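Below you'll find a set of structures to go through.
Paired with subunit B in one complex and with subunit C in the other, subunit A is shared by the two complexes that follow.
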Partner chain A sequence: MRRWLSFLGRWLVIFLVASVLIFGLVRLMPVSPVDRWLSAFNLPYTEENVAYVTRRMGLDRPLIVQYADWILNFLKGDWGYSLKSHLDIRQQFLAKLPYSISIGIAGIVISAFAAFFIGYRAAVRRGGICDRVSAALSVLTQSVPSFIVSIVLIYFFGVRLKLVRFFTGNGAYAMTAAILITALYAVGPLSRVVRKAFREEMRSSYVRFSVSRGFSPDQVLFFHASNPVICRLISTVMAEFATVFGGSSVLEFAFGIPGISTFLVTSMKNSDYNVLESYILVVIIWMFFVHLLLNLALQMIDVRRREA
Partner chain B sequence: MKKQIAAVLTAVSVAATLAGCGSASTGSGASVVTAASGSETASTAETSGDTVVIGETSMVDSIDPTNNGDPWSLTADGISETLYNQDENGNLVSHLAESVVQNDALDWTLTLKSGMKFSDGSPVNAQAVADCINDIMANNEMATASCGVITATAQDDTTVKLATERETTVMESVLCEWTNVIYKKDSSGNYVFTGPYVVKSFNPGVSMELTPNPYYDDNASKRPNVKLMCFSDATAMQQAFESGEIDMAFTVTPDAATQLEGEGYTVKEMNAGYQYFAIVNMQKESLSDLKVREAINLAMNRDDMIKALKGGRVATGFFATYYPFAGDVKETTDVDQAKKDLADAGYTDSDNDGYLDKNGEKLSLNLVTYSSRPDLTIIMQLAADELSDLGIDVSTQIVDSIDDTLSAGQYDVAFYAQHTAPTGEPAYALNQFFRTGEGKNHNGYSSDLVDGDLDKMGTLPAGDERNELAKEIQEQVYKDLPVIYLVDPQWHIAVSDKLKDYEPYCGDYYVVNDQLGLTNS
Partner chain C sequence: MSRRQKVMIALFTVFVLFLLFAPRQSILKTDVLHTYEGPSRAHLLGTDNLGRDVWSLLLAGGARTLEVVFLAGGISFFAGTTLGMIAAFQGKAVRGIIQLAADFTLVVPSFIMAMVFSALFGFSPAGAGVIFGIGNMGQYVNQAYDLSEGLKSREFIDAERVVGLGKWRLLFFHVLPNIYRQLLVFLGNRAAGVVVQYAGLAFIGLGTDITNPDWGTLLYQYRAYLTTDPALVLYPTAAIAVLVLFFHFMFDSTGGREEAETIYD
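Moving on to the complex of A and B:
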């Protein structure tokens, strides 16, 4: 119980410290949202115009008042308004989150499953097809940007063959393509993690003992040595979840998916303080739940953790 | 044990929540998107045969004409109208107003056409227009920039009295400003407008479906439905066009235009109305010398710029050539004369390092532009080459906020784009850029002749005399060179056969106009 209270307390501190930091950091952006707004409408940069827009955006109040106002309202569920569009940020997030969350989570889950089996086969058959595929996918991740793959995919299936309507259909093709590309880019590195973990387990005494008693090495690894490997995979995947928000921006841009990542990039371009501040807090809340869930899963799988 | 059961239950419930998102998306991305976004009618609708799909790189944020810049976008998308609009020749015309006549300095009479209707069928009468104007003035301070608060009072069914706080002689242009769209709220509290199209469904930042406004004119039944789609990425929009999913890509870059033309697609050039020019920082010692500014002007090879942009004309002043007040300046390129001017100004390569210098100081120029107008980057690069050939030490910079950079004086030559006559009249932009101490006059330019002409323009109604003064000012600017005129650009749009006869105009001010889909039907 104390461990979980400590976990909760740690995240509360992270939340509060991050809220102060992000509030200060976004205001260090080189261009203010007021400048952006005036430029967007070709309006002269006069004192009167600057003062008017600053007032309209609520940026004329003391910083401490702005911070207190923002954080208290955020905790009450009122995330304020976008400085650019003046639309309710929470509503915009709720409308856009499902796109990015679907791409992120589905991509990670698919890649984790695929990585487990590819990594397993790569470990038991060194130099085999799975070993080569996992190595090739790892190299692909580092050498070919995902937008290139997206463009090629759209070009062949949309432009050349005209088989798929990525942009004006019901969104299924675009989402499916984005999920598969996300999975493709995660499966290589994850499968190498799994492969390495299995190879380490192969050298452990309990596996060697079982094999020496006549059990098949493949079966021993799969049925008796997979728990520590899954724990390693979950720990690795935990970090991947941070990229669910913002990580899919390239794919969202390429396939015209109106997710939160596109929204984030656009908000950065507009120096939209309110959106950026809320975004960081949402990521922290998201990562809190990811860590909570995956720590629970690890505790169930890993006996040593449970006992500790 | 209890703890473990609790842990398992928690894990299962959270996993179920996550799986809900994940499995739905893997099975059918559309279904999860539709359900979760709540207002996804547009994205689920398949394009019908008589629907024109238009791709844009930005989209209106809301249907609220008092919200931020939304009235501008609503008019560009054919939903709302200002009382006066520009036609393709730059003339001010009105779908709703008969005339607006000045009674005295601060008092005008606006006469409306009879029988005009909002998109819900209610009349556009004097009371509705007066209420609308008063609402705009109360809710959007930007609307008061030209002549202060306008107070509107209905006199009878078609006559509105307009009382301004400050004098203006060009009320048609004031009523053409982007803030001043005509709207009212219907019985459900929704805004209704007078443009050729009505919003059928709207998914902010994603798409918008429009249907013809049945009360706009007799051609309503001939107009196609329109679907506007927002693309954050220009390449994605180009691919959507190539795959036949959209009928118009508004706009495409010069390179994309060439590529698409090469592939057999129809690419059109349209008058942008925007002007590309260079602002010279006359407060810098070297650039305070007219000879140096003349040398820079003569070094600019505008034909090369037009070639690189794959369209446009050599600028003849501060306005697009189709306006009656466009300048008559003849820009030329003469590198030899430019070199001579620099020599006359005292710049020679005294230390043989390849760069001109004077009194031991190298002639260096920092060229600046901004990324949101990619054409300017191309122009700046060409200018940098041309100025380097003169022996000037040139550096280039792309900044985020050009206005911030200009007002801070952190530039030598800034490449800038602006629609200089969005309301069909020249005085506003001329005042902003060339009157002593005005908002966009960042380089300290001051000319008694220009200030005097601008004063005179402020007392004259629209017409020949006013236009002549505008030309005189442009001529004087050409001589003084606080700004170097460069290109009167044309932008590129890619269109499908459905829209091969469609001719948008005035840049991005009227993307969906009342001729869309009519000309080829």
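Moving on to the complex of A and C:
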């Protein structure tokens, strides 16, 4: 119980710090929101206009009041309106979030499953196919950015072979490709982690004991020693998720998937800065749920974590 | 330090000096009459869609990438290590605050922060370097903290405390020399990640300046010519890969070392 309270407390602090940070950053921008608003509607830059817009946007109030107002409205579900399209920002985020979430989750789940089996084979057969392939894959995916793979995929399957339409239709191909590339980029490092964890378990006394009693070595490793390995895998996924999410936002952009990162990029190109503050908070909330879920999973699997 | 590592570091130094000081032409000069040219004496790697010299563009992008990597690596290495050591040797309150800060940088994607930052203040290698540096700091804090925690119970630290050695002297002259090797391996891994992340950031291109292209920006511009002129995509990709592989192998301590045998072998 105490652990969960401190978990929630930590995330509350993270959320508040992030919100103050992004609020401050937006206020530090070289161009003021009033100028942006006026230029967005092609209005003349006169003193009356500036004064009116400043008052209407509530920018003449003390900063602390503005912050409290913004964050309370956010929590109540009023995230403001887009400057350009006048659409409700919250509804737009909710419509785009499923794309980003499914790329992240599907990519990481596929890669974690694959990494477990590949890592297992790599640990059992040192220098075998799985060992070599996973080592090569992890170096390769670290040195070639994922967007290049996506360009080549689009070129090869979309342009050369004309098998797949990435940018028209319902976007199913683009989603599949983005998920697979996310998985491909996570599977190399994750399978190395699994391999290392299995190697450590191989040396432990309980494995040696079971094998010397006559159980099949492979069975002992796969069925009895897998629990700590899975825990290690989940912790690694948790630590790497921020990076995976950053990487998937590049893929969203490369494949033109209407997720929240593409939304941010297009809004920024239109100087639609209202979207930005909500974007950071959405990312933090999404990270919170990922960590919550993975911590729950760890709690269920890892006996050592259970409180007496 | 192994012989192979020394060779790698020497090669890397040459590569860096090369990126910074190799002779180059103006990257602003366009030449519409000579576009998509192959390698020649005038243009070592040929010209791009605007007739710019690809060789010079690559060198310019390389210098900018190095700026980002060194800034990010420096910030996260020095600040992260210092904070991690302080956390291990200070009271509970300080440790709590430092760990919270480390958690913060770990859960907020630094790529997203860098994207937001460049959207707000314009794209610059310095800005990206600082954000990546702060964003990767959490991992160094945790590593340095764990390593310093392990040292805390050792006798020589106790002895030095009894002698009355100053706190900072203890940290920087007696703890740091014992932990920096492991942290350098980590630095190599993370620097490789920063190169790729920066390329991705430039590829998305929020607030980028088209006259100052990075490898990522070049790839974004040239992606349309993959069908007609694949070399234009290949060069920046190769440049990224070479830099990443340098970081990967320079500090990689596992290379060549035998793994402990188990009953499974």
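Operating definition for what follows: the second predicted complex is superposed on the first by the 251 of 308 C-alpha atoms of A that agree within 3 Å, B and C clash if a C-alpha of one lies under 4 Å from a C-alpha of the other, contacts with A are read in each partner's own complex, and residues count from 1 in each chain.
To be clear about the criterion, a residue touches a chain if its C-beta (ideal position, glycine included) is under 8 Å from a C-beta of that chain, and two chains touch if they have at least 3 such contacts.
Bear in mind the structure is a predicted one, so any value in this text is a computation, not a measurement.
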Which partner does A:I230 contact after superposing on A: first (subunit B), second (subunit C), both, neither?
neither
Which partner, subunit B or subunit C, touches the larger number of subunit A residues?
B
Who does A:L59 touch here: subunit B (first), subunit C (second), both, or neither?
neither
Subunit B versus subunit C as contact partner of A:V26, first or second or both or neither:
second
Is A:I71 touching the first partner subunit B, the second partner subunit C, both, or neither of them?
neither
Based on the superposed arrangement, let me know which partner A:M300 touches: subunit B (first), subunit C (second), both, or neither?
first
Looking at the overlay, what does A:T46 touch: subunit B (first), subunit C (second), both, or neither?
first
Determine, under the contact definition given at the top, whether A:I110 touches first (subunit B), second (subunit C), both, or neither.
first
Is A:V283 touching the first partner subunit B, the second partner subunit C, both, or neither of them?
second
In the overlaid three-chain picture, which partner chain does A:A135 touch, first (subunit B) or second (subunit C), both, or neither?
neither
Residues of subunit A that sit at the subunit B interface in one complex and at the subunit C interface in the other, please.
30, 151, 155, 159, 253-254, 265
Sort out for me which residues of subunit A touch subunit B in the complex.
1, 30-31, 35-46, 49, 52, 56, 82, 84-87, 92, 94-99, 101-103, 105-106, 109-110, 151, 154-155, 158-159, 162, 165-176, 178-179, 252-256, 258, 262-263, 265-266, 289, 292-293, 296-297, 299-300, 306
Can you list the residues on subunit B that touch subunit A in the complex?
3-4, 7-8, 10-11, 14-15, 18, 21-26, 28-39, 43-44, 46-47, 53, 61-62, 67-69, 72, 141-142, 178, 203-206, 227, 229-233, 235-237, 239-240, 242-246, 370, 372, 400-404, 406-407, 418-419, 422, 432, 438-440
Under the stated contact criterion, what part of subunit C meets subunit A in this complex?
100, 103-104, 106-112, 115-117, 119-121, 139, 192-193, 196-197, 199-200, 203-204, 206-207, 216, 219, 223, 226-227, 233, 237, 240-241, 244-245, 248, 259-260, 262-265
In their shared complex, subunit C is touched by residues of subunit A numbered 10, 13-14, 17-18, 22, 25-26, 28-30, 123-124, 126, 139, 142-148, 151-152, 155, 159-160, 199, 202-203, 207-208, 211, 217, 221, 239, 242-243, 245-247, 249-250, 253-254, 261, 264-265, 268-269, 273, 276, 279-280, 283-284, 287-288, 291
